[in-house]
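The data blocks that follow each hold one structure.
Both of the next two complexes hold chain A, though its partner changes from chain B to chain C.
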Partner chain A sequence: MAEFEINVVEAPPKRSSGRATLVFLREYGIAVVAMLALIFLSLFRANFLSYQNISSLLYGVSLDFYVVVGFTFLLIMGEVDLSVGSVYALSGMTAGYLATQGVPLWLCLVVGLAIGAAVGAINGVLVVKLRINSIILTIGTLLAVRGLADVVAAIMAGHRYSENFRAVPHWRIFGVSWTIIVMFLTVGILEFVLSRGATVRAIYYIGQNPKSAFIHGMSVDRYRIGGFVLSGILAAFAGFLVAGRVTIPDVNMGRQLEFNILTAAVLGGASLFGGRGRVLNSTIALFVLAVILNGLIMFGVEPALQQVIVGAVLVSIVVVDTRINHEER
Partner chain B sequence: MAAPILEMRGITKRFGSVPAIEDIAFEAAPGEVHAILGENGAGKSTLVKIICGQYAPSKGQLFFDGKMVETFSPHHARQLGIAMVQQELSVFDHLTVAENLFPDHRFARRGGWFSERRLHSAAAEACAQLNLEIDVGLPVSALTPGQKQLIEILRCVNANPRVLILDEPTSGLNSREGGALVALLKTLRANAVSILYISHRIPEVLALSDRITILRDGRKRETLVNRRLSEDMLISLMVGRDLTGLRGKSGIGFQGVKSPAFEAKGLRGPGQHHAVSLAVSRGQIVGVFGLEGSGTFELSQMLVGLLPRRSGTIEIEGRVLSSWTPRGLNELGVTFLHANRKEAGLYLNLDVSENAAAPRLSELSRWGLLDRGALAEIVAGSIMKFGIKARPRDQRVRHLSGGNQQKLMLSLALKKAPVCFVVNEPTRGVDVGSKAEIHHLLRDLAADGGSVLLFSSELPEMISLASIIFVMRDGKLLSRLEGEEITEERVMAYAAGARADG
Partner chain C sequence: MTRLFQSSRDVSTLLLALLAAILALTSPYFLTSGNLDSVQIVIAPNGIIALGMMVLLICGLFDLSVGSSMGLSGIVCAILLSVGVPAPLAILAALIFGCAFGAINGFLVATLEVNPLIATLGTMFVGRGSVETLVAHQSLTGFTGFPENFIALGSIKLGGIYLMLWVFILLAIGVHLGITRFSWGRQIFFYGSNPEAARSYGFSTKRVVYAAYCLSGTLAALAGVLMTARIEGANRYLGAGVELEIIIACLIGGASTSGGRGTVWGAVVGTLLIALTRNSFNLYELPAQWQRVVLGLVLIGAVVWDAGLRAAKRRSALRLAV
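After this line comes the complex of A and B, so read on.
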């Protein structure tokens, strides 16, 4: 056999470094964006780093993060629920309406959550049993549920929610808003459960390869339906809190929320192709998004332009997500 | 021999820190068929993927026509005239045969207009090269998998490549199609095309190739001129060990009572006219053989609850079920190996350890949390028992060889000794060494009192393993052959519909 005397040449690193960049972006992209935004804003806007501003940003996130949690669970399983914004509005307004009619607060909450669960169950059963693409189906429920929410808003016709309902999101524990404390606790617990919990881990397997998961004895359909129900309930709970905060039935409540949530979840590393995602990262991403929007407002950017920027963020992270996925095929 | 058109010097490719191939020197001349042999995991696929630009080497140089290749991309390789027939089909199912053959519409443009007539005549001409008698206006989805594979090959040939790479091209073909392909390759060789040929079918390689390069464990063992070579010699070079001890029939070692372990009665799928019944006893390997389209695949899927059925029951050790799911069957000791490991059975983007956890999530749950210690033990045990070459924690299953993936999949299915193991194509795309190991394992299962229901399209495998063979045709179980009755000729005669002689 012939032996060659050769100089060993390092191969052009182009392709592999491209891939390394992508993986880096996926793992740490959210941290990089957060750092850049924070540094930029604190350098150029003195009042950005104020306790007041940061805590009000955190507070906003602590009301909405429930939605991103449910959304992340579904994305991990390779499903999407775009009806969350509408559910959030319908549940919140309905609960507020009932409270205004003198129904006890706990019952208002139960009814609100039940609405979320019901819409989630409809989404889940239709997606799973009839094998409908979840993006298309939940666009349908988005529209239908939004219509119902508008009806509730019309019935209330500009009246304010009752005092006790409005007070809920403002309760405080040790001088800190309870929702912020609950957010930290919830995210911590879910982060642990998702990485170590034996049966919860099934959602990652289902997202990676549903057929394999089925053969390996996981109840794929039940997990999926459960995911949609959970997403509905969590959106309803967030809606319950936010309705109290906005004080009146607002027809714009939760409009386009689904897109911000989707952006946050994918920015946090959840993949549109399923099998990936973390609650902690999604929540951080939601905060980052809030920071970016806050910064835009501080710089006096037109609201219309703000949308352009959120859209651009979404498109660019989807590009990264798709490229990573493409390389793995 | 003419100056090489393709030459590799000291090529190494690593994934992470794991070398897939190391320090490979290789050359191919115009007008030769150069076969690449090796077990799965030996590095054959990696080698050809570097040639066709899908991977860039970590080290070393590749020369094409005497010039060093500096850009590694499939596009660049195509421009150089390197074409590769992929192992997995990539035809466009909803387009016609003609459109698939000429995706660039090369012959169809006339003044910018699309001429269906010209496209079709060019396509019909191409098909004639392989004696393929099909209507080129048909959508590809109407073809058999074998015909689809030929379309795929023709598409590459149409590009007039200077180097044509074929990775297991005959695996989905019947013997007539295989013969036509060999004839086409010989014509190409005469036209100075350089053909790189990967196959596990050693007789085929011996019949066709001019030179044979053998890889083992990512390194080149030898490049031999194909003259006075024997099958045994090549196998021992590939495997590096003797395989004779691994041969033998099933049902010999088992001494217990051969009670029926798994029985199906009157099974019928939607749209099927014939009900199917069969049984397998402890200690037995029972095979079901049929040609493409005979319904064996659907039967295997129905048996384990992956396809719906219209009627029928199954019985597991005397327990009658009228409806079942993979999960329920699993609890009763019936496990299943899916035919296509990429489609189902594994999680390619996860590592070995995470894959191993999948079928046992609830068993590994301790106070609701995954017991990592127990998992690590299981993984170490599986790697030992099934001879999987992989590092459990930092290597994605995607980057394992076909043989190792298959063994991993077996280890997932066999987490505990099954009452009945339904296996579908247990050695598809697997090298000879792994194949012998898998056969050995199935025999052991039967000898230990389990039972195996084997679905395989590979007749020699079927004959060497099964003590009873059911032959299936047109959705019907035609005959049951046992012991001396089992010969390759007879099984084939039933399966193909020829009248059995005696």
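After this line comes the complex of A and C, so read on.
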């Protein structure tokens, strides 16, 4: 029986106050920033805290939130899926197209999710089995799937989605949008029930040390491929809802969504180096991004500057992430 | 036979010849001067950017921000011209701007050690947003109304070939000689195939990264200036989405995402193949949406091919070891 040398995952941390600050920032920084942004905006803009504004912000987040869940799990395993925005558009538009042709709603949803699962499976199998850099491969699927989405949009050009399809994202439970309730439930279940479960812990373990996870008999490849499939399905589901919300097939649907989602996930403490990230924090970060962009609009900042700001935020948090990662080595 | 097709560059060369032959035989418009002119106009700027990208890929690096650098530099040049700056000065300023844009990428990647894909994704975003901001209050055509000598840059032909294509050809020869004949150029292959070894041999690896990004930024700016002169205006679409096409061109031209491999000839072949593929869509009046599908599939095919080659290399290395 061969003896393997196994890297210990939980190495005893070096104690120093600078490091403690960095770790504190990483764990709770996003919550602090969220509070500061909320306080600042509610002090200086009267209509920011209105029920109308907050619920519309939450509503927007509750639709895109599914994408950030899948994205976070992939990031924890050290992989990136940049095709989510295109999958979101293709699945949503295809489902909407079928609904407009009179196909029952549940079947439209199934087809939409199947498209997401298929793209995710292609991404996963190619990345994992052929050891391709996931960023580059998913840029390829981003392009190809976007092209297909444009084809669907061209077929649908000039038509609106059918009434029943458009109604889905507007269903309400006790006067609150059901998507908001589902978001809180999902985050709660993931955070308080599943986070202690074997599957989620395995995902973290794989991200922190794939070799040791493999030696311990985990089917690392299957988890990774599963992560891509999950990411595709969740992006498809979000696309299904958003397509109903925008009412017409929009060629710009989901364009650059992947950058916002990546920014939110990394802002929420997920690392490009894998092994770290939490769905709760990523969701809060998505909300914070929405608040910041909302605040910019309220202060009358040029809308085109939003891109500059998202890009600058992305670069600066990745710089911090890289710094922390270097210190830990 | 198998040796010949070790590189995707050889396959691409063959495909290029095939595609050109098919187009010449089946489309009556392919060999018309109007069509060849429009192909030249696509090849020159894309090829110029591809030269910089190829150098980066050989170094094992990446630049997603070339499209933004191209657009932003074109607009900087256009703004300077519109306030009356003489053309040579405006062009020089745009090139310096592109070089600075590249230096920022170099700073992020070499000094702050950020993942090159993410760093340039961020600068791409910042650059594209800046383009949108600068043209926000312009009409859809953007900045127009340039002096004659500037517009001539995009329309002069020498011997039936556009000046901008000559620029590309000269640059291609220059870069080829630079990275094959001189030790300062050849070191990028060493750096790309093994950065750690390059570092321990005493190469200034940071300088390599900075130089490669500055080259890429400057070449993208040059492409932006030439395109601005060609279309006699700088608008928000200048260089949008060009980065993926360039990367695809380099990968099918034999570059590897793991660095250390690539040739100028490969970049040229890749660019030509992409340009002809797009041209065939126009010639046969196929819907434009399918172009993206094909380009995406070509990229996936290229990285899968690349992965297959690497796997074969691993296996043969294993056999040698056993």
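The rule we apply is simple: the second predicted complex is superposed on the first by the 307 of 329 C-alpha atoms of A that agree within 3 Å, B and C clash if a C-alpha of one lies under 4 Å from a C-alpha of the other, contacts with A are read in each partner's own complex, and residues count from 1 in each chain.
Basically, a residue touches a chain if its C-beta (ideal position, glycine included) is under 8 Å from a C-beta of that chain, and two chains touch if they have at least 3 such contacts.
Just so you know, these numbers come straight off a predicted model, no measurement behind them.
With both structures placed on the common chain, the touch criterion links A:T199 to chain B but leaves chain C unconnected.
Within the superposed three-chain model, A:I135 lies in touch with chain C and out of touch with chain B [touch as defined at top].
More residues of chain A lie in touch with C than with the remaining chain of the pair chain B and chain C.
Contact with chain C, but none with chain B, is seen for A:L148 once the two complexes are overlaid on the shared chain.
Contacts of A:V176 after superposition on the shared chain: neither chain B nor chain C is touched.
Look at A:L185: by the touch rule set out above, it reaches neither chain B nor chain C.
By the touch criterion defined above, A:G275 lies against chain B but remains apart from chain C after alignment on the C-alpha atoms of chain A. Legend: residue contacts after superposition of the two complexes on their common chain; A:N209 is shown touching chain B, with no touch to chain C. Touch criterion not met for A:L43: it reaches neither chain B nor chain C. Across the superposed pair, chain B and chain C touch chain A at no common residue. Looking at the complex, you find that chain B touches chain A at residues 9-10, 25, 56-61, 70-73, 220, 222-223, 306, 326-327, 330, 336, 338, 343-350, 357-359, 361-362, 364-366, 368-371, 398, 412. Per the touch definition, chain C reaches chain A in the complex via residues 108, 112-115, 117-119, 121-130, 132-133, 136, 244, 247, 257, 287, 289-297, 299-300, 303-304, 306-308, 310-311. Of all the residues in chain A, the ones that touch chain C in their complex are 126, 130-133, 135-137, 139-148, 150-151, 153-154, 256, 259, 262, 272, 302, 304-312, 314-315, 318-319, 322-323, 326. Residues 1-4, 6, 8-12, 14-16, 196-199, 201-202, 204-205, 208-209, 211-219, 275, 328 of chain A are the ones touching chain B in the complex.
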